[in-house]
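The next part holds the structures, each set out as structure tokens.
Two complexes come next, and they have one chain in common, subunit A, joined by subunit B in the first and subunit C in the second.
== the complex of A and B ==
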């Protein structure tokens, strides 16, 4: 690949051209002001749709053909079924059977269950993936085997890109646990219930053709209509739309590891001493064992003080549901359910709210919810001495994770990364991270088992933690401790070929993923 | 006004130019195929909005100024407060105070409470109204006193026009019974609760600037977020956003008139004999006394047979709520609450669904709900021998009513107009109606106290009603009876000046409102 590069505002080398499109280098937070207008889908007439509201069609293949599937098109899917998705692979099996080439796949995330698609990346059915590439697909990309350049976006960035027309989706395929023949669809019920379908919202609003695939067709009206049938072209009934046992995956139990429990306890104590936890506060913690444990500590602190959170942001799980049902939070604002209790609560409890990347994260909206959260707890694979953090590649340079809502959550009032100081004998604190996913100025606190580093920009937090019993250190001190224990880490070796880019929430390019040297 | 005219597919003379815009004559049902793309609002950046989510501003005036109010702009409001609206007049008081001229007002409907705006129509503050002009504003228009040409649209047509960019709204002002500082807003609670805010949905999605005005500010999140704060620029807190006692207006009691009860009974019997009422059926009846009474008959028939409707379309009221709570319908699909029981039910009952012109009526969607309703009961001021009907002008030629959802509802599987054969000694059945609002081919049945006329296009209904005890007649027979009783009616006398146009659901012009001769 013959590309030119720019140096962006973080000093990272980023391509000027991504898959034939001009790419804007990251300019700093809030510096890139978008111009132009949102993507405008073609106007349609309801006279071209069945008057009885029945849009069912015999098969996904028929729906894709009717939708005009052709070489070079962009096809999107969502990842609410996570590793239990049964639909995405079928799309490309059909495309391959039809001899269609050069498709762009825009999943909201991909998982190990999508490894069968590697053959279509190899044979030219799929040109490239825009969306997170977890595990094997990430490694495939890192090895330079994908024809086009991968594009990684946050959940909010994906909404922004589709809304703004940076990605034009020709055909969206929305797997739905329940739907009616008109195309109204919901994720909160049905044999493959996954909670909500918010990751597919932008697809439904902006794709030219929208196909709903379900294994649970109910009489009109299917309600809630998380996806509006008024945006849907075809409905396909299949035997099984997802594997329920794999839909609810990820870590859904609090950690039992003493190291992680220590991190959780230190983080909760930090929040308490900083005055973040109070009546009416709000928080977001992810689905990992450490994050779950922090939630438990938060709940205990609220309870002890007779306080109640105003809202907890999900990924929801049984612990958040316990808080909601136990009166420790007014609302769960949920973007993704991580276990069956989350699904049940969303279905039954009107204070368990269905949010989407549009409401929660879209940077090109008139504000979004992310900035109103008092504290978020996130992970990272690496952090550098300027608090820049990496969440997509490991220190060996391999792309292994998507961004998820991580970048979007950085806009909270306080962002804390509780991370072990070293993993596999490699210190996580670097002079420079392999891939910058989030600029350090948005990352407020790093909590490690050997000390807590507060971003010098947060003078208020430094002030509040003065005299704390917690081990407050500088990031340089933490780095020195990590280096002393682990020794100097080998840097990953890359070729000069860009295999993927990491977009910032505003559509600019914050960093590049490079091909691994053999 | 120097205008040219076309003759449309119904033979009506319609202007080629409406307020400087090219106008497409009505071409027949489903004949006009739209081209082009939906309106694309400018892309914004959340970095230009307050990060604490607080968009409150001290006054409506400040919000309008910040929104850039200027000569020639288009400003929209909704009519969920009906005759209790306190906000629309204030907007134009402010505009007048600022010396702004030539505004276009796009209400979803106007009422007698808006009569104070006549002075602004007279002094050039407001150039013209696009939206229903009930009562005095209609008469003002009919008298040729409005500077520009009025444009009447159905609820669905208004959504379509905004979506398609036929109307570009510069500033939408959304009065909301409850909202948070971020702009999330709901109609189902608060001192001025009106149920829902669906008529303002298009405005929130497509206007350049969106102002929410509320008298009940709650901590984030305001839920349900019938209006998404992510689309809102400013939030204004006022003392009183609407007069609750006038919000719930219209006829909300079943009729006691023996004539109307007869119409109701005949209509229900007709539906029963035609096999329309059955387990799982659906219906929509308006808020008038006759329509309410028909709903009562429907409920009785369901109960007697042990049946349950799948859904009842609202305008909701206590009678529909009784059906829902009594297990006689699975759902209310509500577009507008007509009484406090409707508001309560919408707030409390998750099977009382919040619909909008987008879901229910938009003709330029991938279908809409209106075509799936088994039977709708509507009114009309006049009907002609081709079943064309009028709902906006009276036989004296005066514009007195808006279209509401009337045109959209015609797409149901069976449309019935129960109307008295004569009113004020004038027969309602004409050779030609004063204004065609709906083409006869969509109107299936006319029920009068002296007989029922089935549209000859509905051979199935004619077949089913063979041998009925109901007085089935031809429309010509009904007309002859009316004429015999009332004698020939005087035709209204008009000048050749078009004062308003009636749009069809697809944006074409179905008829013209003419200036009354002095």
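== the complex of A and C ==
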């Protein structure tokens, strides 16, 4: 490796070159503002497309060949089916069969179901992944086995990178629960219904070629047309597009753990005492068991006071749907649907709105929704005494998770991370996190079962919580408490090889993932 | 001589624990094989700790395997020592320094609304028990520990008493039945236990015997702080002897009733109406009130049914009980809420405390409310209710000033 490195605004060492492209170090929040005009897909002519609107083609292989699949191309897929995705693996099976090499895979997120792709990373079919490298793919990356350098982006960052031309997608393959022969597609119905297809929106608009794959082909028109057929080149009918039982993620039940329920209760009480919960407020809670429980406590507080939220941002699930149907929120602004109740509600309820990374998170939009949310509840693998947080690597240095919408959500009016002070023996508050994914200035509150730390920048919150019965402590006090319980830990050892970079929402590099020693 | 021993727990659902295999050998030094999900961060320190303990007991050659699921040092130490003690005779104990925050005593009158049972051989339930703020935690050496794990549980309970912060909860241990339970005392008396639960108590003699042993150990270790007793009445005989037990010793601060064993002894079943135990519960309450100690009710075993628990607490309080056991942290809040003084009790207590403060300010020796004279124990009780109401957050710390405005 003869890569050169820069030190970015957070003091992190980041490469100047990522897969042959010039890389810009993180400069601070809202500092990097590219100019010029947005990236655009090639001009096409409708006269080149069948006048009867029938774009079906016999197989995915034929569609890929017709789309001109070739060495070095960039191919994108999406995670609407989560761990039940059946399409991404097929694409690379076909590529391998055709002897194609050096592809870049741009998934909006990866799951354990994508482990078979490791063999294509090993044999050079896939050069590197841009998006997320979860679980086994993350471990593979951490061990330095990926040919190219991985790139981790948030959901909003993915839109940004496509819009400013940082990522040029040659072929987008959109797996759709229902579609017509023209290419109109929707996620809210069909045997593999998953709710919405927002993560594929940018790809449909900007990719050179767009292929829709479905197992539920309906006569024109397929409506709602979450994906516009006017942007689609080919439509492929397959037997099965996804495994419905794995589409619903495993984290959609509220927690039964008393420790986590306590965290949820403390977080809700904090929001209540801080005056965040009020008539007309808005919130976003993630999909984890603790976050879901917080939503339930929020609902109780609203009910008790006769209040109603104006909107709840999803990840929707049955608990949010209950709130919508029970009159505790006017709207759900949904970015992805976590269970079948969410899918049903999205299909039936006109106040359950379909949103996308464009509306919610995009850096190159004229504003986005994320800054308008009153409070957002997120997780983290680690935080440090400067409130910087990590969501991608663990304390042992292994890359295991993607960023999701986490970075984008940090822009809400109040960002709260409820996390246990230690997991097994691993204390979560560090002097310095293994990987910075979000700068501390955007993280307002850390809630642990042993105390709550408010970011000193939030003097208003500190003032409001004065005299509270909640255990308000400094982050240093919390760290000392966690360290005392767990004992001094060793640190993971890395080589000087950068195996992946973490992008900030504006496309700059906020941190580097390093190869683990041994 | 046996040279092989094991201790601890392993398996899919086990966390924050470890499983130890120890073989004492005659040569080759100490060889430790570790598998751990925290190996990268704690591998060296775990091996070092294991080595220190073995050398402490004079073992220079051994094969040790540790299957670790994120055990804290106090757990590792307990497991390793428990394995060693199966193989060698030693009066030595490997103790980590006691947490300074654990050196507190409790008072006889302390409220004991909730006491959370923690199985004595299950570390992951102990570590976070204190954050739920029960009035007491019970490290259980009796029924919650499998027979073949009784011995190793003593080491874990000892280390937990010293090294887990229970955040000022009263630190209780349920020992095994007398006489077997007398063997548990060496593991808890020198390690700052606050209260001992005495299961299946049926006579004052048992309490006397227990106290004789406790005093011996206290004297040996120069311990002066109080160690309270809470005998558990779990049989028809125990019920008939309740008052005798209640007044058997000055350190008996409460009687608890254990309904599972009691109903079995009667040859009947526990029902939700609880008519089968009404007599026994009333006897316990009366024995306690007559003796000036706290009557404590049995646990409510359906942890999913919070409404049922609530009704149970209300019934229990109306019978005269002053607390009950919990088997799940989520029960604590409900128990506190419904054992807590209600509005009437608080109003009455406020009047009494006000009268007392005014009398003291005026230098009067006698406290009176209207035409009634108030006895000192009544004032004390009222003060307790007030401080309890404050600690439960149902009364403001500054209620007197706020009342005057």
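As a working rule, the second predicted complex is superposed on the first by the 518 of 518 C-alpha atoms of A that agree within 3 Å, B and C clash if a C-alpha of one lies under 4 Å from a C-alpha of the other, contacts with A are read in each partner's own complex, and residues count from 1 in each chain.
The working rule: a contact is a pair of C-beta atoms (placed from the backbone, for glycine too) under 8 Å apart; a residue touches a chain by one contact, two chains touch by 3 or more.
Keep in mind that what you see is a predicted model, and the values were worked out from it rather than measured.
Trainee: Quick one: classify A:514 as touching subunit B (first), subunit C (second), both or neither.
Mentor: neither
Trainee: Is A:199 contacted by the first partner subunit B, the second partner subunit C, both or neither?
Mentor: neither
Trainee: Let me test your reading of the model: by the given contact rule, A:283 touches which partner, first (subunit B), second (subunit C), both or neither?
Mentor: Touch partners of A:283: none, neither subunit B nor subunit C.
Trainee: Per the contact definition in the header, classify A:140: touching subunit B only (first), subunit C only (second), both, or neither.
Mentor: A:140 sits against neither subunit B nor subunit C.
Trainee: Is A:34 contacted by the first partner subunit B, the second partner subunit C, both or neither?
Mentor: In the superposition, A:34 contacts subunit B only.
Trainee: With both complexes superposed on chain A, which partner does A:333 reach: first (subunit B), second (subunit C), both or neither?
Mentor: first
Trainee: Once chain A of both complexes is superposed, is A:26 in touch with subunit B (first), subunit C (second), both, or neither?
Mentor: After superposition on chain A, A:26 lies in contact with neither partner.
Trainee: So which one touches more of the residues on subunit A, subunit B or subunit C?
Mentor: Touching more residues of subunit A than the other partner does is B.
Trainee: With the two structures laid over each other on chain A, which partner does A:485 touch: subunit B (first), subunit C (second), both, or neither?
Mentor: Only subunit C is touched by A:485; subunit B is not.
Trainee: What residues on subunit B touch subunit A, complex-wise?
Mentor: Per the touch definition, subunit B meets subunit A at residues 29-30, 32-53, 55, 163-164, 182-183, 210, 219-221, 223, 225, 228-233, 280, 310-311, 331, 333, 350-351, 353, 358-359, 362-369, 371-372, 411, 506.
Trainee: Any idea which subunit C residues touch subunit A in the complex?
Mentor: Within the complex, subunit C touches subunit A at residues 15-16, 37-38, 40-45, 69-73, 127-128, 131-132, 165, 328-330, 393.
Trainee: Using the touch rule from the top, collect the residues of subunit A that touch subunit C in their complex.
Mentor: 258-259, 261-262, 395-397, 423-426, 449-450, 469, 485-492
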